[in-house]
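Take a look at these structures.
Presented sequentially are two complexes of chain A, the first with chain B as partner and the second with chain C.
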Partner chain A sequence: MTTTATEIGRDRRRKEDQRLITGRTRWTDNMTLPGMLHLAMVRSPFAHARITSIDTSAAAAAPNVVSVVTGAELGEEMGVLINAWPITPDQVAPVHTPMAVDRATFAGEIVAVVVARSAAAARDAAELVDVEYDELPAALDLKEAAADTVLAHPDLGTNKSAYWVFDSAAAGTGGDVEEAIGTARADGIVIEREYRQQRLIPAFMEPRSVVVDPTGEQLTVWSATQIPHILRFAMAATLGIPESKLRVIAPDVGGGFGGKLQTTPEEWLAVVLARRLGKPVKFTETRSESLISGHHGRDQWQKLTLAATKDGTVTGLKVELLADLGSHVSLVGGGVPVLGAFMFNAIYKFPAYHFACQTVLTNKTWTDAYRGAGRPEATFAIERLMDELAAELGVDPLVVREQNWIKHEEFPFTTVAGLEYDSGNYEAATARAKELFGYDELRAEQQRRRDADDPVQLGIGISTFTEMCGLAPSRVLGQLDYGAGGWEHASVRMLATGKVEVITGASAHGQGHETAFSQIVADRLGVAFEDVEVLHGDTQIAAKGLDTYGSRSLVVGGEALVRAADKVIEKARPIAAHLLEASVEDLEFSGGTFSVRGTDAGMAIGEIATAVFAAHNLPDGVEPSLDSDATYDPVNFSFPHGTHLCAVEVDTETGRVRMRSYVCVDDVGNIINPLIVAGQVHGGLVQGIAQALWEEAVYDDSGTLVSGSFVDYLLPTAADTISFEIDHTTTPSTTNTLGTKGVGEAGTIASTPAVVNAVVDAVRHLGVHDIAMPCTPERVWRAIHMSSSAEGADQ
Partner chain B sequence: MIPAPFSYVAPTSVDEALAALAEHGDDAKILAGGQSLLPVLRMRLNAPEWVIDLGRIDSLRGVRDAGDHLVIGAMTTHHDVLHDPLVAEHAALITAAATDLADAQVRHRGTFGGSLAHADPAGDLGAPVLALGASFVIAGPSGTRTVPGTEFFVDLFETAIGDDEILTEVHVPKHTGWGAHYEKFVRVAHQWPIVAVAAAVRVEGGTIEHARIGLTNMGSTPLRATAVEEALTGQPLTADAVRAAAQHAADGANPPSDLNGDASYRSHLACVLTARAVLAAGGADG
Partner chain C sequence: MTRISLTVDGQQVVDDVEPRMLLVQYLRERLGKTGTVIGCDTSNCGACTVHLDGRSVKSCNVLAVQADGSEVTTIEGLASNGQLHPVQEAFRECHGLQCGFCTPGMIMQSVDLLEENPDPTEQEIRLGLEGNLCRCTGYHNIVRSVQAAAKGATS
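Moving on to the complex of A and B:
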């Protein structure tokens, strides 16, 4: 089949931006239904406390209050939240009710709900709910919690939830890591480090919001979610509502970053109360509520042992993780570190690998997916270690990387973690990045500043990353005990006027699906970009789907779309032949037109659509329909990669880090819309740099989130970033028709280690080899100060 | 976020405002630009029964020349102060501090007097105003009184303004021809300063004749670094001399400890930033 690529590869401005940027659109909170009631949550101020009594009488008597309910009162009616990824059969997990019943397990957990006729009345009355607590010792520190010193859930007897192991010797994908480490200890190099992945908050722009309408035969849920389909399934499974009676709509959704890949207490309570009261209800969280009760991300301790020969060839990597789940095992929270397990070996050819992760319950907000989910943690660890190995060897960190990475001619390559990387060209991306960055010149300047003992030192950070995208082959997910598949669905229907309606089971929340998918279909069918309408996010319209996360929409959903479009063309072909009075074999389809070879006769696909609608003159036995669908289950992940180079200036007098330049050359395969890719890369970079320099969710000793507002949780703005230089190499994925790989998480995954490597590189000659994230000025200054005051000592 | 219910009044004169204050007393809060009050109300950290909005009192806006000093109306927005030619000419230190005060949106709503009356020690205006020896005109039921900067700032979020009083004007002595610089240390641009130093210097023939230095967020109120001012007087404007004098910057300060840095780090920063501020104010290369 011939397609004409006039749209793919084109910088299209996003068709959805006008409404998203102005906000004059279908945000959930913009919805008002007749007779709608409003919810306000009463939340525990304590990390761990027994609820001794709840007096709701004053709140219930307040003006315009309809109902006040507690967990004890709702009981089984409120259902439970599901954990879709129990990573081991013996995983320990507390029952996750949407509201505490007799014990609050983190500061922010819901203990009562007020229903009122206005949001203001609900909020006012919530202040009148009198809850008496008996405070209990809280499990807060991850390492202490892992030692069961204080129990987050005393009835469980332990905080240890699941222990998950991958071992290359046992799996038959590589050698024995202990042997490699033993050999390296005797005659080689062993690098041992411990890194902290601090707790982060997704901090999407649109707070979570849910509206439920129980009127009529069907219950309709609008939610600011990434996962309308999974939400529908989970609600049906736990709330006793037949799936067929439940319609979930994710209207326009303002960002998620994984933070809306969740089934939330607020959604459950809204459904339960709407059903109970027979009236529509709405709940929209405040920013403070979002920060304390929306799920958090990362929060791991990583203990790492890297073995290498004296010449710098890595012979093995051992990873021991502690991962903080927070108070409950949320939707896929337990599985986040498991996703990372396949990525610690990154782009390198390690012969032996061992990964073990202990997930741990604490009395903090539950954690789950956050942009990158498992892969940023893994990439950070290995890219920091490669720098440490280079420093130990006294060679350029790029040289050590090249010595160990998979060569272009070695693809496809099966890694020590058992994944088959289909394609990659690390040499090309690195060469281009070095050139754009001016690597050699910056190294020379760095040396000059060191020699001159300049108060401002220059550091160069490297991150040659890869990731696994396109989640995911359903069989692989099954092997990992994940509770669902990884396919995606698409429909393409030609309308009578020749316009095209496209339905995707992916659920955009800022990615630009409507634009990119229109470009794909426009090229495939040879119709105008403007003539394609992309529908998504409503289970009644997009009946099948597995939603958006893990950089999957284009790689998996895009392939489903291509297949559905191709089926439409094949359906049109015999009709075209009939109308053109030619044989099917003589037809060719190009630029949206079926033409008869060797003649001027031809017919546009839109004209065929009109003829199909009329159905006056169709071939015998052909149904009057020009639409089709496809459900695609990927055969493999995709593996974007890239080389990121970062230069920072460190003010040694204050510890302040200033970004100087940042170059990234990403290989995301073929690109549908370079403008969207640039936006994803820019946003991803800032989010990853923010982990390196700015963001951290901090709890105090009582379990209160200190960084509970944007005064203390430091989100960067455009004023804090620099102009990034981005470029691409293109090594198409071999596992999908479009040759795409996914780009939603690349910037976030790659940038964090690039920046921290740069900061450490700037002051390494002063005796520093690590600085905890975020690299605050105080931490950087203290690292330098402690090193210089302990001159000569081994830091 | 929804504040607790309150009643609202917007007087059009200072007398009307004082009358409203007299009537509602302890149950009232004054609304100037609202950039600190509204977040407090919305987060329900405070729930006054009355909010008295000074936004319609035109006489409280604007900057005028009063001979040896400038008069800055309490309700003048940061944006208007920042772009005022009189301030730029005679009190450049205030212009410098207003330049990066919060962000553009806040500068268009927030007011000079509102920020000073709020008395957040991390606010950007206290240190420069204190350094320039400003005085504060406070209106009350029995007329107006003028309070010097040293008495105006009492403690964390506490000033000499009584419950029945309103800040109407700030009088800033002219420092025409002085070099000025506000050295602000933040992790992200929109943040309150971790530490900031306001420095104005008069340099004659390479020698510092006078120096006025204020510190932001180094204690429960804005501070004046008098020890450094004295140590700088008569010194050459050189990096070595200024750095030596700046070593006294944190003397007597009692800085807070928080996520951005502990007290000892802030004290260290105060010394480094003071030297930088003085050198920049004097026009010397750091």
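Moving on to the complex of A and C:
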């Protein structure tokens, strides 16, 4: 029997791994059901085109084809996809049908579906569907689209979807930004920059897949999704299927990163066709389909104006964003920039802030959450600006940060964006990071290389980031017009054998919930780690939940678990007293055992569970069950932070960037499993670094995604990356029992500006002050070699 | 249809397959060896990596008919007598996986890498795994896993 609190903080090897390392996994695409039919999608090759005719006869006559359907034919039967976050009451949004009816609005949109007895037959027949298009002018460039030069949806009359504003003076959380900028223009420093957040593709490794079984009373949907619960609700709401008749299962899911936080056309069509044909159906996308039709991320223009006094104290920030929604306003796509709105002020305490965002429809793949969702964009902007301010002042970029950040003794601190940061210690994280990094030595080396005119220059990049995790207090979401709450649900079932079954409404896809949640419950109940089983990702087992995204599973779901476990203990207490023939007041619970104070008498919670199962000898009026539920609504976000330092070498002759070292010290609050936390940080770092250096979803002038396969969309490989040095400082969150803050997105949020700051730092003395992402050798080379004629280099 | 005969994870199989059927499809769809997975359609991701006559191959890049007369080992045949292969063990020990989708391919590639070079440097490991993509781990702990397996084998 374990004693108190031995599990939390322990490097437990993961329970999930046995099946994953032996290939005994349950991916959705592994499913085969009797009589199962397969879908293949016919997709528009054009970004914007009127569909003049679709001839399905040849495909329908092909061997093993069961049915070929078009949008016009399915009509209302196919339902619509929902937008759960209309950010303004007057948001303009086209109706989002799962399949085009008479107009295709991005290259990759589904225009017909073939159903056949095998996947190969379906794919072959899809080639035979003859679609005639009338190509229409496409809205592709974000800035041009924002000016309504070409309309993505002519019937809407505009591409402008929603305009969302936060102003600290209006909100009463700070002063007037125009005033701050005016003062700085007269007697201070104003930094004006425009940054591009390029379009990225989440590129989870498991392609999306859906299997639907319509036999029996219930419709069962297996999907490679992050959000089985939200999916069930959305399908029930739009497809006329009672929620109770829908069971959604997310079996093993191979990564998501926000990319599987979506309700997809393919899922809708699979359900509709399974229902129509009365047979199980499966659809698994190819990688190319995944890249063109799974939602993309980022894609913003950021116009920034930072005001500061002459000594470098920031006095205000004005942010004007254009955000590319793509062809439709997807599940939470419109809200992504709004999540960033609260993070541009980051760890700094300037007094005036204005944020305005215009979301824009284009004829590209729709965008939505990608790891960090809004917060990486915000963090990039402010961390780049702090470097620019330091350069303007001629001081070390860490100095200007320290001058402006919230001091550890100032917590809790209400920011200019209106959030209350509960805890943090930026000084401690930065001091530790500097030490691990060898900051002063590297600065000295940088100087030597500059003095020697070394063709290979050293750059040092800094990012002192924070983020908001634990999405989210339901009341706040309501104020932001989000369509749901932010609570999470958990159940703890005490089995007759004394073992424990834990059910969480969070839905893991690589995060290790089975392990970390076992640790939490094992500690709380004082049972063995091995005796706890965590179940999730099936709406019939985990009946309530809001799934996994926004680094919420531990902070919100973990707290729900703690509360459910505590209820188990409270239910067991009177029963223990009865069985031990003692009074409740004389009992104490520790290390999994109720004992009578001052005696040897005691009973383990597992033994009580067995006694409750038999129910032969319970106190009068006590129900024979210890099982408990808790639904927890967070009272605040959590605010992990950290200091990331990156050293790069830039070859000024070739423009090549080589990562040399990367140190990060993150404060994620208390840590349940250090091994899992480290893994989250490493993976996050590489995704953020990839935005800085390699990845970009590129469209050609006709609106075709050029980077539509893994040949062209450059995911980093092991050979591109380096080993990282990571460490932690800890200021526990004060708003949840475990003191945790969340770690799923930290690495991604912090690393992009750290790397770009490093690249710019390496060549700043050559007159460069910006390089657009990704910082390819060509862009770096151009920036260096054109800096004398133009200022910086934007593209 | 073409008749093929091969050994998969120690078991002899004889089958008629369409000439265009890929080895990965054959493994997954005919033999139910769903431990081997498909991550791309351009032979870039390595998720489908298996051993063909003792060397790693991307099974999406090999036709089933080409495996005729060969010995194929998948992730499901790597452990022997219920004993995990040291590389499997190392991936668990070093947290070399998160979602686990790349893992079968990563492990099969790592086994091959270590057979070729039992004591690789970090850079040799990184280059040896260049054909296998992972979106979760940032490769850091995958490299550690291979180092740990090498160390276990050489010490």
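What we mean here is this: the second predicted complex is superposed on the first by the 781 of 795 C-alpha atoms of A that agree within 3 Å, B and C clash if a C-alpha of one lies under 4 Å from a C-alpha of the other, contacts with A are read in each partner's own complex, and residues count from 1 in each chain.
Following the convention adopted for this analysis, a residue touches a chain if its C-beta (ideal position, glycine included) is under 8 Å from a C-beta of that chain, and two chains touch if they have at least 3 such contacts.
Note that the structure is predicted; figures quoted are calculated from it, not measured.
After overlaying the two complexes on the shared chain, residue contacts for A:Asp124 are found with chain B alone; chain C is out of touch.
By the touch criterion stated above, A:Trp694 is placed in contact with chain B alone, chain C being left untouched. Of the two partner chains placed by the overlay, chain B and chain C both lie in contact with A:Arg287. Contacts of A:Thr776 after superposition: chain B is touched, whereas chain C is not reached. In the superposition on chain A, A:Ser244 contacts neither chain B nor chain C.
Residue contacts after overlaying the shared chain place A:Leu20 against chain C, while chain B stays out of touching range.
In the superposition on chain A, A:Arg656 contacts chain B only, with no contact to chain C. By the touch criterion defined above, A:Leu715 lies against chain B and chain C together after alignment on the C-alpha atoms of chain A.
Between chain B and chain C, it is C that contacts the larger number of residues in chain A. In the superposition on chain A, chain A positions 286-288, 709, 711, 715-717, 719 are in contact with chain B in one complex as well as with chain C in the other. By the touch rule above, chain A contacts chain C in their complex via residues 13-14, 16-25, 27, 29-30, 203-207, 252-255, 257, 286-288, 509-512, 675-676, 678-680, 682-687, 709-711, 715-719, 721, 723-724, 747.
On chain C, the positions that touch chain A within their shared complex are 28, 33-42, 44-45, 47, 74-76, 78-79, 84, 88, 91-93, 95, 97-104, 107, 122, 125-127, 129-143. Within the complex formed with chain A, the residues of chain B that make contact are 1-2, 4-5, 43-44, 103, 185, 187-192, 194, 258-262, 265, 268-269, 272-273. Taken together, the chain A residues at the contact with chain B in this complex read 119-120, 123-124, 127, 286-288, 653-654, 656, 693-694, 696, 698, 706-707, 709, 711-712, 714-717, 719-720, 776-778, 781-782.
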